[in-house]
Amino acid sequence: MCLAIPGRIVELLDENDHFAVVEVAGVRRKINVDLLKQEGVRPGDWVLIHVGFAMSKVSEEQAQAQLRLLAMLDEEAQAVEEVQGYRFD
Amino acid sequence: MCLAIPGRIVELLDENDHFAVVEVAGVRRKINVDLLKQEGVRPGDWVLIHVGFAMSKVSEEQAQAQLRLLAMLDEEAQAVEEVQGYRFD
Amino acid sequence: MAEATVRFRDTCIELAHGAGGKASRRLIEGLFLPLLRNPTLAGLADAAVLELEGLRLALTADSFVVKPIVFPGGSLGELAINGTVNDLAMVGARPLALLATFILEAGLDAGVLETQVKAMAQAAERAGVPVVGGDTKVVEHGKADSLYVTTAGLGLVDPRVDLSPKAVRPGDQVLLSGPIGDHGVTVLLARGELDLEASLRSDTRPVWFLVEALIEKVASGLRWMRDPTRGGVATALNELARDAGVGVVLFEEALPVREEVRGACEILGLDPLHIACEGQFLAVVAKEQGEAALEALRRTPGGEEACLVGEIRAEPVGTVQVLSRYGGSRVVDMLVGDPLPRIC
Amino acid sequence: MAEATVRFRDTCIELAHGAGGKASRRLIEGLFLPLLRNPTLAGLADAAVLELEGLRLALTADSFVVKPIVFPGGSLGELAINGTVNDLAMVGARPLALLATFILEAGLDAGVLETQVKAMAQAAERAGVPVVGGDTKVVEHGKADSLYVTTAGLGLVDPRVDLSPKAVRPGDQVLLSGPIGDHGVTVLLARGELDLEASLRSDTRPVWFLVEALIEKVASGLRWMRDPTRGGVATALNELARDAGVGVVLFEEALPVREEVRGACEILGLDPLHIACEGQFLAVVAKEQGEAALEALRRTPGGEEACLVGEIRAEPVGTVQVLSRYGGSRVVDMLVGDPLPRIC
Amino acid sequence: MRYVDEFRDPVLIQKTAEEIRRLIDPNRHYRIMEVCGGHTFSIYRFGLQDLLPSNVELVHGPGCPVCVLPMGRVDDGLSLSENPRVILTAFGDMMRVPGRRGSPLELKARGADIRMVYSPLDALKLARENPDREVVFFAIGFETTAPSTALTLLRARALGVKNFSVFCNHVLIVPAIRAILDSPDMRLDAFIGPGHVSTVIGCRPYEFIARDYGKPVVISGFEPLDLLQSILMILRQLREGRAEVENQYKRAVPWEGNLPALRAMAEVFELRPYFEWRGLGFISQSALRLREEFAPWDAEVRFAVPGVRVTDPKAAQCGEVLKGVLKPPQCKLFGRECTPEYPIGALMVSSEGACAAYYHHVYLRQAAEGGTNG
Amino acid sequence: MRYVDEFRDPVLIQKTAEEIRRLIDPNRHYRIMEVCGGHTFSIYRFGLQDLLPSNVELVHGPGCPVCVLPMGRVDDGLSLSENPRVILTAFGDMMRVPGRRGSPLELKARGADIRMVYSPLDALKLARENPDREVVFFAIGFETTAPSTALTLLRARALGVKNFSVFCNHVLIVPAIRAILDSPDMRLDAFIGPGHVSTVIGCRPYEFIARDYGKPVVISGFEPLDLLQSILMILRQLREGRAEVENQYKRAVPWEGNLPALRAMAEVFELRPYFEWRGLGFISQSALRLREEFAPWDAEVRFAVPGVRVTDPKAAQCGEVLKGVLKPPQCKLFGRECTPEYPIGALMVSSEGACAAYYHHVYLRQAAEGGTNG
């Protein structure tokens, strides 16, 4: 359920920041960004898009951390430790 | 103006004789015969049809008389007399 | 490509532009022909003829949108086969293969489609031509009226004939394969809007068998043929008169019109000469061979009612005249617009 | 005629029956083929091939109903020409002549028609094929959506090739002439309902020039071709897998898909393998000649993006599998119904 | 007796034509107006001019209902179709008549719901079949047609049909004839009286023509023999110096007309104080409107009708042609700007219109005879 | 970083898969339910089963919004389209879902005005563009989708749009998971938690699963690396005897969820006391309806909705499949009466439905491998 797609904010559309243009692999659409009011969105931010709404911001930091972690999976000892550290805290 | 076509009544359609079926060269249509109420129409009668209404009865007698008259046009002396007699009286 | 001159000036397409009369001709000559021009383009002919390795191939296509799709004596599907077979026959071509494409309205009852495809299969078998391919598209509900069928046909032109308006000469005879207007009047009545009833049937049928008989007998004297579909005999002959630079004369008394067709036309103020046929054709033959041609037609099953209906004259160029027994004459033009009942 | 067995059981025609996927196949195989059966009937092939006096003639017809009628990179009229030229090309036939029939909606702006006919004239010129005939019908306002065009084509099959699913062998290579899905996604976005924008253009173009290059180079090794229009690459290859009794394997990484097409498909939950192309084709060639074939395509203008996308395997029969770099695999079926966005 | 072919008999036609030739004074020019468009059509349809001596000139009158309708009325009627609830119905005759924004057919092509009917009763039926729509009947026609509209309205009232109404354009032929007689251009010798109108109004209403203006009137049928005989009867009157109303069409026209028809008309309609005719201008008491009791079925009451007046194109001489003052080809637009394919005036639309009839039956032949550039 | 291809990296995928293989106990059978249909789709789409040891079994859960909608609700919604004033709008996902009288697509084929929208905002826009029509949005979806409906309704109210309404079928995933956990058939070892739902509700609502039922939950993204890593994290918990809620999808899911979204939902919706789920039966407090303040925009208030209950065909085992008790091919109709071409249950319609996914990605291949009759 709930197909959601990461897209990049390329433009904020109105004064009250209700709408923004996002781009997904060269495809653009106007979406509603009211759900990210608190955090605020800016051009360049990545967001998850679902049925024309931005649902959450996508964190590059977290993404890099995940990929780093997985890359180290075969560096065994270290990996075990890290993966355990990745447990939710 | 006023295309009207001779057709033959083949059937009366309702109790009050509002409608009848007429036939024109094998083509049939339901028409309204209210305008001929006074004279009355019966199957076999010929009527002039205009926009779905019977406008008048067609008299075979008058038609025959006309054709007879025209046939005698070259029987000159007689014709002259007859044609004058055909004048409306 | 050099910029073509579009002479079509109507701003909006109307039914008349598809009715086969003057507006159709305006659209074809003013827009299609200038834009698509090339040496083979058929223009207003029934089929295009194309030379390939010594063979003359005939190609034609027509779309069929008739309403209702089933009517006494035929159906849209049957028409779609016969119409294309006949267009091939009109250039002297034996039909070899047909293609059929369907535009279906979403929501169409599958049984209705099946009936139409069956009618097509039967008509194709009767005409002796296989349907070798096709296509199906479905458009949204309300974006078509049940179904539209387009057929295309490939034929091989009989090597013995060479048909063209340019071959027509004063003195030639005009033959007609049978009574006119049956199809058009049948469909008009079948729509039900006019509330007229008559025991008429569409004349839809393949005429290749009749054409073949004609070719066998009088190939050298055969000048031109045309199936008088939309626009009727009057339009077909007006086009001939213009394209050939001749006058055409019809003998009113000789024109075969069934009683019911005449009756419906009287009621509606229409001229049978403007009403479509779907199983008849006009043929112009050299005077010397007129008798033989007529006999060949009449001897062939389905050709019994063929008759001589007119002749070609040098003048007045570009007109079709109808001569009556009593010496009156009238000029019959191409159909203007769709045939509309004249009533009041 | 023996009573044919109609196996089509759907009660009502839906858009899916014209979408080129499973429902289309069901309609064609269940209704059209049994009723119209004959030795030449093309069935699901792009074009029928017919022997005449030692020549192999190809015949094909398609109706075009695309909305909107003008979209980035093309138009209905352009599609109508290219689509038929390409269907001829897919059986190895050089296009010789086209026919075009029009179903026009009363009220259509004449300028719109002119634009489409011009697009057709230009496309025909680009493809080097004359439009030799046609037909025009007008239906009442609201009984069509602007205009529908049907084109039929005649081609001459190159004597050097003999294409058929039956010629396909395990080990053969699957080539693709360029990136997929451009047309389908462009049109989907051009409808405007989804409010998506991308700088995509339809890939509509004639591919005969590419096919010709292929024939010149590897005629003997060319087994089968197909333009993956409605239903896309997945449907075309599933049909091949079934008709040839082979398995088809595609290499996920090798499939050329433009970024924007990939993006739109991600957003809408669609698979690019189900999206229509109008200027690409699939070719199966003998393994030994795969390299030469690819080179021939890439050397020809418009073929630069051609690539090897898969191979034929003996098993599993009747399936198309996509293999990913990391060892995963998935089966891709024919399109079921019209491609519908998956959203929530 | 089928009342058709019998009156097209070649032998009798020749005989009658010969008698006409025998009767005329070769030094006199005869101008006879056939009032009715149906006669105009028959004359061309049967090539009757070919049978008449060249000094017997048939002049086409105003009896073509679509021809005399001013373009403003056409536009008024068509404006009703802009209401999406309205189904506008009209006879086939109306469908190609040009309004300012196109003919009914053109508006229909662009999406208006305009339908052709054969009878006003069919329009009423349509209303009963479409209770959620408003069906308006665009009524046109002379006294022949008006009774059918009247009966249809009486029926609508009796059946309580509330979504049916009539846009009434019925006109009366007799005031139009009087207007022509009063025109200073008038150069007519006699009238062929309208056969079908007369089945309703009878023969008496024409008596003033004979009495006050001294012009013979012969009420005529529509077959070749009818028209030839009527011409013969007129020529006899002229030769004998008589001016009377005679009834050639006795087989269909009773002297008194049709009383039920006249009664129905009287019940439903009243005279408009004046009405504009194309070309003839305003003629008082020359048209009908619905009585107040029929207001619920009167489209002019129920809908906002703009009431536009549109002047014909300057060069168009429809009015002069309608009055018989000019022959169609004398109009500067004839055959050039104005053709049956692109009509400017209604006279070029209806096959009963003088211009269309002349175009098809005379002009085309003459053009062809004059060369291929015609 | 594009957040797509990076998570499909073949080297990392192989590494993670290897780590999974290294970690498992070959003598143990692992049954892990992916709650979310999006996960089901990804698993098949990327062929992830091929990468997993055969004793790691992924069980498909109830997280496919069209799958869990009982046919009665589908019929109720579709019945609205019988009103000719109504334009019924729905996501593409709904269009092929069978109701008793056909799917939305079939009804549309027969003339109903049913349109696909990408966003509820598009339905609202349609309403503003068609002021003379009634636009109804057939709302489906879990907590991910409900906020968008809520915001759309708030917008409709703010703009005063009166011809827009919502037929609300939003359901909540947490009560459904509890129902599965409480089912006597339950034999699951752990859950892959729904990533996109969690962007709204955060991670806390799953804690009862770990705490009360002792099952690990890992909230997961949808790319191959996300799912493999989540399985790895679950296997680690199981190996270490832990049962915790972990968040693999940290790049998108905040622990607390999305407060504005939760607030909008609370403002517009209230819990239904109970709601029927296909296969799972009535689950209390498992769905949302519009609050009384939104009655003017509530299609169930504004229109007569029949409220039909339709039992699934007897042999259909959608419910058992939805609960993870049966695998799709264990349903007697699977692949025979029920196929993607002729679906009987919604699970065979949506590409997120367990049956459709299994059919396309497993069954077809197996059938082919088993010979051509498959």
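Details
A, B, C, D, E and F are the chain letters, set down in written order, and residue numbers restart from 1 in every chain.
Everything that follows uses one rule, which is that a contact is a pair of C-beta atoms (placed from the backbone, for glycine too) under 8 Å apart; a residue touches a chain by one contact, two chains touch by 3 or more.
By chain, UniProt protein names: A, B = HypC/HybG/HupF family hydrogenase formation chaperone; C, D = Hydrogenase expression/formation protein HypE; E, F = Hydrogenase formation protein HypD.
Everything numeric in this text was worked out from a predicted model, so none of it was measured.
Considering every other chain in turn, the ones in contact with both chain C and chain E prove to be B, D. Between chain D and chain F, the least number of touching-chain steps is 1. For the pair chain A and chain B, there is no chain touching both partners.
Counting C-beta pairs in contact, the chain pair with the highest total is C-D. Over half of the residue numbers at the interface between copies chain C and chain D are found on both sides, making the touching surfaces mostly the same.
In this entry, chain E maps onto chain F through a rotation of 180 degrees when their C-alpha atoms are superposed, rounded to the nearest 5. Chain centre most remote from that of chain B: A (centre = mean of CA atoms).
Between the Cα centres of chain A and chain D there is a gap of 38 Å. Chain centres here are Cα averages; for chain D and chain E they lie 59 Å apart. If you average the Cα atoms of chain C and of chain D, the two centres end up 34 Å apart. Mean C-alpha position of chain A lies 79 Å from that of chain E.
Residues of chain C in contact with at least two other chains: 12-16, 106-107, 140, 142, 194-195, 266, 269, 342-344.
Residues of chain E in contact with two or more other chains: 4, 65, 91, 109-110, 118, 122, 141, 144-145, 352.
Residue positions of chain B touching 2 or more other chains, listed in rising order: 1-3, 25, 50-51.
Every pair of chains that touch is listed here: A-D, A-F, B-C, B-E, C-D, C-E, C-F, D-E, D-F. Per the touch definition, chain D reaches chain A in the complex via residues 189, 194-199, 259-260, 262-264, 266-267, 269, 342-344.
Interface residues of chain F, counted against chain D in their complex, comprise 4, 8-10, 13-14, 44-48, 50-51, 65, 91-93, 95-96, 102, 105-106, 109-110, 115-118, 122, 140-141, 144-145, 224, 340-341, 350-352, 360-362, 364-365, 368-369, 371-372. Residues of chain C that touch chain F in their complex: 106-107, 140-142. Interface residues of chain F facing chain C in the complex, by the touch rule stated above, are 108-111. Those residues of chain D that touch chain C in the complex are listed here as 1, 4, 6, 8, 10-19, 24, 27-28, 31-32, 35-36, 38-42, 45, 47-48, 50, 52-53, 55, 57, 59-65, 96-97, 99-111, 113-114, 117-118, 120-122, 124-125, 130-140, 142-145, 148, 150, 152, 154, 156.
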